[in-house]
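Take a look at the structures listed below.
Look at the two complexes coming up: subunit A is in both, with subunit B in one and subunit C in the other.
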Partner chain A sequence: MSWINWLPALVTFFPLLGVAVLLFLPREKTGLHRFWGIMATLPSLFFALYMYLHFDQGFKGLQWFQSVIWFQIPILQGEPWTFHYSMGVDGLSLPLIVLTTIVSTLAAVASLYIRQATKGYYQLLLLLETGMIGVFAAANLFLFFIFFEITLIVTFFLIGKWGFLGKVKAANRFLLYNGLGSGFLLFAMVALMIMFGSLEYSDLESRMGQVMGQLALLPPQIETTLWAVFIALMIAFSIKLPVFPFHSWMLRTHVEAPTPVVMIHSGVLLKMGAYGFMRFGVGLFPEQMKEIAVLIAILGLINILYGALLAIVQRELKSVLAYSSISHMGIILFGLASLNAAGLKGVMFQAVSHGLISALLFFLVGCMYERTRTTELDDLGGLAKSMPVFSGIFLVGIMALLGLPGLSGFISEFLSYLGLFQNYPVIASIGALGLIFTVVYALRALLKTTFGPIHERYRLLNDLNVNESVPMMVLVALIVLIGVYPDSLGAPMQVTLDLIVSRIGG
Partner chain B sequence: MIQTLLDFDLRVLAPELVIVAAAALLTIVDLLLKETVSRKWIGILGLLAVLVAGIFVGLGWGHEPYQILGDSYRIDDFSLAFKAILLFGTALVLLFSLSDKDTEKLEAESEYYSLLLTALLGAMIMVSSAELITLFVGLELLSLSSYILVGIRRKRADSAEAAWKYVVLGSVSSAFILYGMSFLYGLTGTTHLFEIQQHVAEIAGTDYQAFLYLSFFLMIVGFGFKISSAPFHTWAPDVYQGAATPVTIFLAVVSKVAAFAFVVRIVLIAFIPLVTTGVWNEVISWSFMLVAALSMIVGNTVALRQKDTKRLMAYSSIAHAGYMLVPPATMGFVGFDLFPSLVFYLVAYLCMTLGAFVVIEIVARRAGTYDMNAFAGLYQRSPSLALIMTFFLLSLAGLPVTAGFIGKFYILMSAIASTHYWLAAIMIATTVISYYYYFGFARQMYFRKAEDSQKIAVSWPTVAVVGMAVLGTILLGIIPDFFLQAFGQLDWVSGFSQAANSLGY
Partner chain C sequence: MEANLALLIPLFPVIAFLLLIFGRKAFCKKMAAAVGVAATFASFALSTWVLVAGETITWKVPWLQIGNQTVSLSIEIGSLQMLMLFIVSVVSMLVHLYSYGYMKHDDRIQVFYAYLALFTFSMFSLVMSSNLLWIYIFWELVGVCSFLLIGFWYFKPEARDAARKAFVVTRIGDVGFFIAICLAFWHAGSFEVSDLQAVVESGQLTPGLITLLAVLIFVGAIGKSGQFPLHTWLPNAMEGPTPVSALIHAATMVAAGVYLVANLFFLFQASPFAMDLVAYVGGFTAIFAATIGLAQYDIKRVLAYSTVSQLGYMMLALGSAGYVAGVFHLFTHAFFKALLFLGAGAVIVLLSHEQDIRKMGGLWKSHRQLGIWFLAGCLSIAGIPPFSGFFSKDEILLSTYLDGRIDLFVIGIIAAFFTAFYMFRLFFMVFAGEARGPKADSKVPVVMMVPIVILGLFSVFSGFANASPMHLLTAWLSKGNDYTAATGHAPVWLPVLVVTVSLVGIGLAYLYFGSRKWSTSKVVQTVPRLHKLVFNKYYVDELYHYAFVLPAKGIGWFLYGVDRFVVGGLAYLTAWIAQFIGRIGSRIQNGQAQTYALVSVIGFVLLIVGLTAGRFLK
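Let's look at the complex of A and B:
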């Protein structure tokens, strides 16, 4: 193990350095807070890009893997239960780590409208970045869980302190719903630990394979327990994603949280659900996943249609985007339910692509709100005249949202639907209606804001300034890049996905 | 060589003797000192005594279990570990009391310190004895001292009410324990736990078994009261609220730890033969689980509605009693594996509960009210205090990376390993509920505006107490290995087998 194996740890923990630096800055120096807040996200971004460029695309398993014994719980009979600190990166985690670092840096830049208590704000934002990267870079379930909880706690404070009018209620609901999800995850984790004696991803996968191979010979309780664990995991990640009956917390969060936090929340935190489904659902329980694939497809269908239909009738822009997120997470479920190469690739593409798109759109809405002081669709209109740059970028964002070919949204939706069509053509066909609804609500939101007659009070609005438009252009560039050259995203994850698909097939 | 009853090495009793001597000395010194001399010195003397006793406990490690006074009192790893926790807790309480400027408590300051020591002595006797009468004497010494401590602010109505309630309900619970013990004595004709063990093995399976259950249930009622577990918890909120905060901490931490040692000692020595007959799993384990589940549910749900911080913490401590009952409840299924998890959680509980109470006292004293609103805007006024409180809250809520998380995880493992999924489910669900009220503090501290914008001054002894508590909370969460290995290496089982120098029966 050489120094290079420290890479995942470096990416994960570098923002903490920023937290420490901010600790020593005086409370009033907002400018300094901003500077260090943004600067502290850059090393992680740099290291993540380095990982992306040096990622061995043919390597099976975790790269830059590092594992140290953290603590052991002695038990009377046999080996003590050992908990490791292990980190590593594979095709599933790499794209999401890169996404996280990009969105975090942009969110730090986008925090220019946070004006009160900036010191604490940037500290929490950096802590949140550590938590999010850690979730993806962790190579065992215990560490995954700890980082998962860190993001939960930090986000609670970010929403509750810097959010809009109903922030405290939103923060509470966020905490309790996600706390419930963590509870299920905790149960699954402890049960897996007791069954397999290890929480390392590699151990879990190999021992799971052994158990499934001789399931018929084992007592029936084993299978029941496995199902209980599997369902607990599914519920935990369903709350995070969120899947239909568990979605209400997420709407409130999207409306009430401060703009940069929504960028992160919609861009990365929801994707932790998708990552969990891939890593622990498809990756660990392929057999069980096969049996509930229809259910997942149906839930996906509900998500897509419910989200899209309600997005059409919303009168407020952030709610439109929130429901649109639900609808787009349905596409992730479609990809999961397909359980084939195309569909699973679609899941990962959708996770990254929607992360970029929703970060862009929420950033735009935040910038607009700062100027118009409203996000009610009826009060908006004609912004194209006073804010042409804003309207142009908004147009691109909306087009990416509705899946225009050449932009990243198209690839991910295409792959997910393609995957599902192979197995469940009926559900996929009905789901295709969602694409039409998406066009309706996306264009409605676009037209109501930028087109039409302009209100008198909006005539003198300033267009986006440079520190708003440059981050947005970065996002747009990435969306276009994935759209025209999907392999930039697809190539690193190929081997890992092949491995997962082979396990499903076997 | 013929051994006589008093033929033993007195050095093994050193910690207890130090505390006895100090308690006596403190009373005498108080009489001799002039009125004008600050009673703080008495407190410092008490603190010194506790530290010296702690050193003796430290020197006592690593020996064979040693019994004295005809197997009625024993020194083994189990009792030493619990004594270390008790002394640590009391030392922190004393240190905190030194900086506490509660004028009404100060009227009887020297009595306060000597009573703390006698209560501690009672607790130490409880964890060390293996004989019913000795156990009961320890219990009563602890209880009687605590009754007075609760009522020490005699001019305050709430303090008097709390003391009254505590005396009446406490006596009733003692009566229950005594009644239960009397059945045990009646059945076996002895008060020595190891002899009882032998007779219980004979009784198990016969018609007299019903009396064994009766004895067990009666004692459980009494213990349930002492550890403030539901449904025997009703005294806790009023007493915690009415007592001066250092006393509350003592009750919530030291008294509870001693009671846990008491339960474990009696049940694991006297009733252990029932494990082989299967009765254990059907009756004893289930009654523990029932009390555990009820405590978690009642503690965590009623806490949701509390506005008073001390009452809230009282319900929180009821809930934590429920968590801590899980290892004893499930131990019949996984063997003697309960101690490291129970002790780890007790230490974590000590750090986080003590810390939270101290911060509450600091904030409430400044605001003049124990209402939750006193915490409004604490982050703006005293950011470090708010941050430290946040750590205690995260730990109490069982969130990483704190002691409470590792502790709860450990306990959860014992529940799931013994396939009590329903208990694990209740534990997880009530933990999620508890987020709401623990984060209620956070909502006040971070999301509300402060009415009083001045920073809260904190004296150095309090800083030391809070510092140690927060250090413990974080270290147990980040490097639990140190403690886990230490607890794992202790010879817990020896606490429940006859000592080598036993006279033999």
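Let's look at the complex of A and C:
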């Protein structure tokens, strides 16, 4: 064990250094806050890229694994409960950590329209980054839970203080629903601790395997408890993803939260749901997952069609994107329900790809709002005339959203659908209708914004400036890279996915 | 070595695209056009070389891992593909050249050339791919280029709406193709066309599955090739610049559906039902669109319906086992229809962007050269020997006849009559008589005239590619397959009948629109309802609007209500419950020791009862 094993910790906690630096800055020096806010995200980005480049693609299990005993709780009989601080990275977490660092840096750059209380804002933003990376880098459920809660609380404040008009209600709704989810998560965690005496991912996996192997010999209560834990986990992550009908909190958040927070929220926070499904659903409870696969496929179908149909009738751009997120999370459910190599890869691809695409689109909408002061579709139009660069990038973003081949959205969508076609061709075929609806709402958003005759009042709008367009181009480049060369994202996750698939069995 | 050279064919346009899109500010208009033309000329030279060399080229590189399956980016250029590459490169190069004249005054000509180059790249790649997934990928990319170019004049609401319609309607078809690919992967074990062929021919797939796959793929082809009932987008697509209509919506992309069916012909052959479907959809579309073409007044719309109709002919041929006939017509049609569109574009430019043929006329006198080449195109599409359309249409009707589909044969003959009539209606209205609208006092620029002349020459002579007794194309296309095994001998009366029918159509058109001895208003007055029906394109758009668009919107609004009040109400309920529990909790903690004691006693009793009651109940 060498210093290199502290890498996940470095990635996770470096933003805290920025929080500390910001503490000592005077309150009114907004420029300095921005500078340090952005700078503090860079080390994590750097280390995450280092991890990506040095990731051992053939290694099974967690890399750069680090575990120390944190605290113990003595119990009446037997060994005391030991809680570890343990972190590590595998094929599931690596892509999401890289995604998180990229989106965080870009969100920090995109925060240029946050004008009040910037000191506190950047501190919270950096704290949020630590929380998010921690969720993915944690190697036991306890640590996962703590980081999960950090993101929740911090996001609550970010929405509640820096959001738009309905921010207070949105923040409350956000906290309420997610708090409910955390309750289920807490229950599952405690139950697992009581049953297995450890919350380490590796211990949980091996003991689950043992228990499932001799389930017939064990008392029936064990199976019931396992089901209860599994369902609690499913509900917790369903709220996070969100799965119909738990989605209403997320719509408000998307509309009311400040642009950078929505970028993070839609880009990364929702993906914690997908990650949870993969890590604890498919990874830990493959047998139970198989039992409810049909249900997940149907929920996915509902998400896809419901989100898309509602996106078609929205009159406001951010709501279109919010409902489109619901639809796209349905695709993740499709991939999960397939429980095969193609579908699970689709889940991971969709998590990363949708993260990039929605970060790009919400950034674009934020920049547009700063100029037009409206996101109502009926009031927009013809922006291609005065903002050609904006319109060009928006075009690419929308094309990625509707799954144009050559861009990342296609690969993820395709893999998820392909996976489901093996087991549930009928559900998948009905779900393919979503591909049509997606085109309808995505084009509607595009054409109502940048096409058509221009309104007189938009004739003199400034096009994007460099510190807006450069981050966007980074996102576009990544979207194209994954679309054209998917193995750049797929190769690191291959071994981990193979392992999961082999555990699911035939 | 050869494969590497062939790979350059799509590479040139994609380089041109990147140069133009990122350097659009750096290039002047002339430079942009030069980049586009140079790139497509290079591709044209290579395509010709590949065609002349005539050796099948294969190339493969791994791309994506799915479980233990490796999906490859694979290329196979056989006879059909070589022919397609040649067609695409010729038309694309000429359209690039022509566009410099047509789009000279547009500020965004650099972007226009970028999109054209991207389209050319995608179309080449679509043809070269030998893997269903990659065909689908480029299938979508040509679609998006079509969308971008239809909506190139983004500020025009009609262009915007047409672009959306094109994308959405073709996407409906694409979903069929998409499902077919996914099913093929799980049943054939790979996306490779050759693997699918092996599985189909070895009989491992059930007939039902083969039919399902073929039908789903044909749904994709229906969308792309504007076949009934997904034809509605193609006439609207005429809102795009005319060079685009010539390249994408006449010669190449819309023929991709026909190409797809031809490329997967083994699959269709294995399913009689699919063949029937292809033939009947094609035949119906051929006559359906031809009748609409009779009553339209926009010069480009007439040509668009004619394209739909001709694509229907190609499908009819393929469905009637006329593999060569279908591909042959694709080949000749690409040239004469591109010619007609480019000619129409020249007319439109001359008449300062007037597109209504009722306001045209007299161009034969002032622009004789344009008139002659346009006439060549009209004679070709009408099927008059020795123009190219005669040979290919003759083969289509022959294969329909030999296949024993007499009903479709009759339909084909009637459609041929309509074709001749509406094309010469157009010709006479534009070129004969006196000017009825804007005056054409300028000349057609040379950059526009050269492509017209070259395409004109192709239209006149390309029919000899498969003329008797050589049948070069048949020999060429039958390399390595047995699609052409069942050819019979043509009855002598067949070409005579076709030509007679066409001549009658031309003659009638002359009487109504050339000499104007007869008046069309009388016809309209005798069957006013029918005329209205045809003029309004059988109200298909309106039907779709009420049958699909409005219900979908209605469902959307209904669900939106549900979302706000039912699902949103659920959220309120949750919030309320949380608050309620909180309030009870805070009321209990009121500091009165007696209450606390009471609660503890009740709790204790409940606990005892709970622990002991079970035993008594057992």
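The rule is simple: the second predicted complex is superposed on the first by the 505 of 506 C-alpha atoms of A that agree within 3 Å, B and C clash if a C-alpha of one lies under 4 Å from a C-alpha of the other, contacts with A are read in each partner's own complex, and residues count from 1 in each chain.
The definition used in the following text is that contacts are C-beta pairs under 8 Å (C-beta built on N, C-alpha and C of every residue); 3 or more make two chains touch, one makes a residue touch a chain.
Owing to the predicted nature of the structure, the values given are computational and were not obtained by experimental measurement.
In the superposition on chain A, contact of A:G209 is made with neither subunit B nor subunit C. The wider contact with subunit A, measured as residues touched, comes from C rather than the other of subunit B and subunit C. By the touch criterion stated above, A:P486 is placed in contact with subunit C alone, subunit B being left untouched. Looking at the shared chain after the overlay, A:G183 reaches subunit B, while subunit C stays out of its contact range. Once the two complexes are laid over each other on the shared chain, residue contacts for A:G505 go to neither subunit B nor subunit C.
Of the two partner chains placed around the shared chain by superposition, neither subunit B nor subunit C is touched by A:G166.
Subunit A uses residues 172, 176, 180 to touch subunit B in one structure and subunit C in the other. Those residues of subunit A lying in contact with subunit C across their complex are 172-173, 176-177, 180, 244-245, 247-249, 306, 309-310, 312-314, 340-342, 345, 382, 384-385, 399, 404-406, 410-411, 414-415, 417-418, 421-422, 425, 428-429, 432-433, 435-437, 439-440, 443-444, 447, 450-454, 486-487, 490-491, 494, 498, 501.
Residues 335-337, 340, 379, 394, 399-401, 405-406, 409-410, 412-413, 416-417, 421, 424-425, 428-429, 431-432, 435-436, 439, 442-443, 446-447, 479-481, 484-485, 488-489 of subunit B are the ones that touch subunit A when the two sit in their complex. Residues 69-77, 80-81, 120, 145-146, 149-150, 152-153, 156-157, 160-161, 167-168, 171-172, 175-176, 179-180, 182-184, 186-187, 190-191, 193-194, 228 of subunit A are the ones that touch subunit B when the two sit in their complex.
The touching residues of subunit C, counted against subunit A in their complex, run 63-68, 133, 136-138, 140-141, 144, 151, 154-155, 157, 160, 163-164, 167-168, 171-172, 174-175, 178-179, 182-183, 185-186, 552-553, 555-557, 559-560, 563, 567-568, 570-571, 574-575, 578.
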